[in-house]
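Following are the structures in question.
Across the two complexes that follow, chain A remains constant while its partner is chain B and subsequently chain C.
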Partner chain A sequence: MNQFIGSRALPDLVYHRPGTMDDLLGLVKGIEGEYRVVAGCTDFIPAIRGGKWRFADGINVVDIRGVKALSGIREEKGEIVMGAATRLSDILVSPVIREKAPVLADAVSQMASPQVRNTATVGGNLCMASPAADTAPPLLVLDAKVAWRTADGEETTPLNKFFLGPGATVLPPRSVLTEIRFPAPGPDEAARRTRMGQRTAFVCSIISVAVWLRGGPEKIEAARIAMGAVAPTPILITAAESVLIGKKPNEATLAEAAKTAASNIAPIDDLRATADYRKSLAETLTRRLLAACVGDLA
Partner chain B sequence: MESREHRLISGRGQYADDLDFPGMAHLVFVGSPHAHARIVRLDVAEAEAVPGVIRVITGADVVEHTHPLPVQANFTSPGWTWRLAEVYAMPADKVRWHGEPVAAVVAEDERTARIAADKIQVEYDPLPVVAGAEDALKPNAPKLYDDWPDNKQVHLKFDFGDPDAAFKEADRVITVSNREGRVTGLPIEGRGCVGHYDRGKGTLTMWGAFQTPYLQRHNIAAAMGLPEARVSINAVDIGGAFGLKIHAWKENVVALASKLTGRYVKWFEPQRDFIVTGPHQRDVSWQGEVAVKNDGTLLGLRATVTHDLGVESTQKGIAALSIFPACSSPCNMYRWKGMHIEGIGAVTNKSFYCAYRGYGKDKGIKFIEAVINRVARELNMTPEAIRFKNFIQPDEFPFKAINNYVLDNGDYPGTLNRALEMVDVDKWRAEQEKGRAGGRHIGIGIVTSIEPAGVAVPNCQMGGLTQARVAICPDGTVEVDSDRTEIGQGSEISHVNIVSGILGCKKEDVYVRPVTSETIGQGPLSSRGAVWPASAVAKAAKQLRAKVDRFAASMFDATVDDIRIADGVIGCGKDTEKQLTFAEFANKAFFFPGPRRLPKEVLLEHEQLLSVTTTWYSPSTPESGSSYTTFCTSADIAVVEVDTETGVTKILKYAHVHDAGTVISKKVIDGQIHGGIVQGIGEALMEELKYDRNGQLLNTSFAEYLIPTAVEAPVIEIAHLVTPSPFSETGAKGMGEAPIIGSKAVILTAVEDALSPFGILVEDSPASPERVRAWVNGSKGDEQ
Partner chain C sequence: MKITVHYTINSKACDLEVDAGETLLEALRNRLKLTSVHRSCEEGECGACTVLLNGEPVNSCLMLAAAADGADILTTEGLMRGDQRHPIMDAFVDLHGMQCGFCTPGLLMTGYSLVRKANGGDLDEATIRQSIEGNLCRCTGYMNIVKAIQEAKRRKDAGDWW
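== the complex of A and B ==
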């Protein structure tokens, strides 16, 4: 067992801050020894201080914030595109996000604190692959895709296929996540999210839920439900979609869908909550969010 | 003169971590990963080989070079248990809690010390863990201290009034129980200090986050084996204390490190160290029964409160001492016939207990307020009606309560009435009724409390020590010394208001000096700042004022009755020609012409200096034996809404009425109220230190040990009543702990009220969302 030390020393870091995408990709391709791609460092530093991560002296730290192309939010060809190094605080104030995807701004507004949001990035939140990553459920229901580049090319995958487990993603070695994109929702779509923590502000989620519906008061045409902190990764729960699609969104249908969603997760007991409580919240919060979305569609 | 507030807001505070001295080394502690284990081998070679490491200090070094931590409170009485363990600042042979320091690395800089700390090798032989009070008190439980017969550190038994008669007279007896989780207070700054042992002079000087410099000097000198007169302890700017910085513990290791290296040595702990190896509190359970009449008259209480004290406190006896107020405070502000209360403290493999805002008063009052509200519900009375029936009345003061407290004064019914004016409880009750039909659960909580303030008890270091000095300098500015360390509670501005009010000088000309061990006193604790130190300062200022009047009269060739002082100008009757600023006056008194022109009598009485040093003692304590001097009054009303599907409690309205006697500074009182209420809300709804069965503390950082943020803080409506205490020099009453006492009680009783359709008794805290949801799930099916 490790000794208890309240805060551990940072190793000697070799800091790199490339200014262009080509420089970045070239650097990552050729770098020797251990390296980490970083942006806001809001996970990196505490992980070392808290003893969760240990690195030998000389670890290379590649800061991607010098590459302008990796930051910013734009709308192009019916899609909303966010650079991986876009700060959470930029998402919060982005007119595009606030108008087209308020569900994402809502999620970000409850993440961490203003100080942390001013440096933490959306790409960092996804790449850390925490089961409780709060940007993931809304991005999952918005059908987001993520793109990464290596010196040799670019690849895109649905966010739903991105996470492999806690802290693990499909990102190949020597690649850099570049952007997150999702279709701009239309007028017949509604999305909502919420989360529960042991308190309201600045806390790790014990569950987060996002739902998305397309349709109208008479019929639901499409639905997605995503959750965080109920599985090893943030997940889309497809089992409940068939309960909703083609149905009139009445109270009974929504309740059944919520129940189905909750019965299709297998959360664990941990310091923050028991599995039973998470399942109970999954049902309650899903039902409430569905009802709110139906209200938005009316 | 610049105010403290301006200095701090403009970023020029000098906290422990800002201290810097030439050649200063840094110290980092290495703690045990085990909760209970024998130290088999401790190898420091690899750590000492790290370039920049000066030396490593182990528990064996501490045992060799220092003495066991001194006793700070010691009570023995026939039929009682009171045990103290012999412990050093660091153990050489055995660790007793997760995180207990076993070694300290001293290096040229903090980072090097941290790198080396990771290279210390310790081999442990784990021992069975005592994971809680219940386990600790079982027969054949593993023992924490080999020379004790068992793990019971304390067992106190009190008979207040006539408990048997109370129960004989009762129409009904109701069984009650209550438990609260383990918490810690979290000052924004951890502990830290710099120590310097001067090998040439044989003196030890320390600067840092010292809440009680005078007592800390005594305790550090004792542990270090140094003559107390050669030790000096100096408080710097302190980022909150709440009782948690009265230590002389790790500080001894810092002092030893300086002695062994000859260097200035700095230690400043990260918050994780504070949470894991810091002082803890609460973690008690109550079992008892209350005797009442059917008309709501409170008669008696029989109860036992069991404390999980963790390991022997670094303030030996101070943890156990907090069991006294826990046992006495259930009397609160009501007339009782009798109580039998037993207080038990068990040692366990958890971090130690120390003082934290409330110090047991909170436990007893939270318990009895929950009990009274339950009695009211059972008798179909409102919480306000049962209180109005049992309050001690304004014409009964001073009131000698059955627990031997002499209650100074107050208007208990008036305090509650004022709160009821602020919150229309009938309207909320109608809303509650209406909401329940639609599955909305509103709860209304009402709690009233007094706060025993200004402790003075025998056989401990808190017997009533205080000292103040008020002096006019030759330039006319005024300096104040007292033992009331500024820990963020506003002692400086309070002293400025008192002194300028009495002397008539300008507020900006008063400088309250940082507290050092040169001033005798037990420091700000037990809400004594406005009682003891403020009284001593006021008394010194009054005596100094008399001197100023006398000197000025001689300068103006007038009588003292002619002297008028206001806003920094000393005048004589209506004669506008005869006026002196404080600077002009002081210049005359000190130098030009100086003492030689003062009246002959002044010189023969040796009264020529414009400086008064004095002390103060509670007027009610010597005869009555009352451990406390003033008793401020408060009423808290909270309206909450509980989402029974998620378990989340939302505070819809919060009103607090306070009577702390004379108001020295409204801003200071309001600040105490806001901070205390929010801390209490934390205890009620979210804070709990969670140890597992192996004694591992699971929530060791701000990410997991949750305290309320501004988002969770409700709008707090405050009203003040002013009933000056006859027992303090200014009429002010201590009030620092009252807000935390009332708020945690009122939130929990409001939650219980909200959940009453489910038949749920809120007997455990915090009422976290998951716990509330579990109560709802476990209740008798649907709403009753």
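== the complex of A and C ==
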């Protein structure tokens, strides 16, 4: 096959597309040599072309998109369950997400481009474990859990414990991420998110922030704050929760919580922004989001 | 590894042998000579390689040819009716929705997909700009592209073939 001029060729792949979960798990269990589990491939292909990943010819690529059970969004026993291979564009138009977790749809609407969202998956976004993964902060504040399967069984872990570092997760070898689930938020809960980037479309976030509150205008009963691109992984910032819980959500409380959150992150200077700028944004954006959530609860 | 895939391309059934490490962009350009599908950034940033996969715009550079097996694929060639330009192409020509033309096939596919799905009255500028977020144009500043897509919708509503 003639390559385009200046293009880094993909290696010769051994492509697998199992059609059922059992076939998928059996394949991954028995596969010999190097392999990668893929779905949309919107990170996989640029990672090879850009030289971030190098594979020898003959690497096995296991495409999970043939397994129907891994796609789709449903509500089940008070939980919202998303298949790992659910496309970002399916999240955007899902009536369940739009009604129960608009905070997630809001985050997805600013990810990449419409073309990429028509291919990229939520599980892929989490498994790539970018510190700036844009689905992570809203899912963290929604108290999401992720489930994976091997040929021998299933395991579930809170998303908060899933990321280990840039590009690294707790997913064991020969496992496949299957589901992301979170409790369907009730009427006394509110969640908001925002992010800062060089422009709206198709940029890596300078910072992304999500907050979640439960309670009413007189008292906050529970709170969660999560951020992306301020640490080696997307993080839940628990230090600020105690500032909020049990308090009346007035301006001073929200400001103190935002300040606490911003002092518990460790951003870096990089080509997108300085650490100082990120800290400043973290405080301001958190304060605004908290105020917006309090407005939603009123 | 060679894989035989089956596509419906521009309404024609097609069996094709591809390399497993080949992208849909490579298969469309190199094997099927559908050269309206432009290769540019090859990392999904620019949208020049946009095609419709089962009616939805995707970057063909970010998809393995093997993963598109069974898909219905539409490229700009497929918008033509014989030698006759599609109304959205005419709108781009009439309103100068292009300068160098490199991004044009991608914008035509994204614009076509938007207009085809759109109901109701005129498309507003914000909707159009959001839906072409994934298509970079370095010449026009987008003004005339937005106007051309708006005009294409009017022509569709006025009964022009679509």
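Just so it is clear, the second predicted complex is superposed on the first by the 291 of 298 C-alpha atoms of A that agree within 3 Å, B and C clash if a C-alpha of one lies under 4 Å from a C-alpha of the other, contacts with A are read in each partner's own complex, and residues count from 1 in each chain.
As a working rule, contacts are C-beta pairs under 8 Å (C-beta built on N, C-alpha and C of every residue); 3 or more make two chains touch, one makes a residue touch a chain.
Computed from a predicted structure; not experimentally measured.
Colleague: Taking the superposition as given, does A:118 touch the first partner, chain B, the second, chain C, both, or neither?
Modeller: Second partner only.
Colleague: Give one of first, second, both or neither to describe whether A:89 is in contact with chain B, with chain C, with both, or with none.
Modeller: The second partner, chain C, only.
Colleague: Once the shared chain is lined up, is A:50 touching chain B (first), chain C (second), both, or neither of them?
Modeller: It touches chain B and chain C both.
Colleague: Touch check for A:41: first (chain B), second (chain C), both, or neither?
Modeller: Second partner only.
Colleague: Have a look at where A:250 lands relative to chain B and chain C in the superposition and call it first, second, both or neither.
Modeller: After superposing on A, A:250 lies clear of both chain B and chain C.
Colleague: In the overlay, answer first, second, both or neither for which of chain B and chain C A:201 touches.
Modeller: both
Colleague: With both complexes superposed on chain A, which partner does A:7 reach: first (chain B), second (chain C), both or neither?
Modeller: A:7 sits against chain B and chain C alike.
Colleague: Is A:15 touching anything from chain B or chain C once the two structures are fitted on A? First, second, both or neither.
Modeller: second
Colleague: Overlap of the chain B and chain C footprints on chain A, residue-wise?
Modeller: On chain A, the overlap between the chain B and chain C contacts is residues 1-4, 7, 9-10, 49-50, 200-202.
Colleague: Once bound in the complex, which stretches of chain A touch chain B?
Modeller: 1-10, 49-50, 196, 198-204, 206, 271-274, 277, 280-281, 284-285
Colleague: Under the definition above, what is the set of chain B residues touching chain A in their complex?
Modeller: Interface residues on the chain B side: 28-34, 98-99, 102, 111-112, 114-115, 117-118, 120, 122, 269-274, 276-277, 645-648, 685-686, 690, 698-699, 701, 703-704, 706, 708-712, 768-770, 773-774, 777.
Colleague: Tell me, which parts of chain C touch chain A in their complex?
Modeller: Going by the criterion above, the answer is residues 1, 3, 19-23, 26, 30, 39, 42-45, 47, 50, 53, 56-59, 61-64, 66-67, 69, 110, 130-131, 133-135.
Colleague: Once bound in the complex, which stretches of chain A touch chain C?
Modeller: 1-4, 7, 9-15, 17, 40-42, 45-46, 49-50, 61, 63, 65, 89, 112-116, 118-119, 200-202
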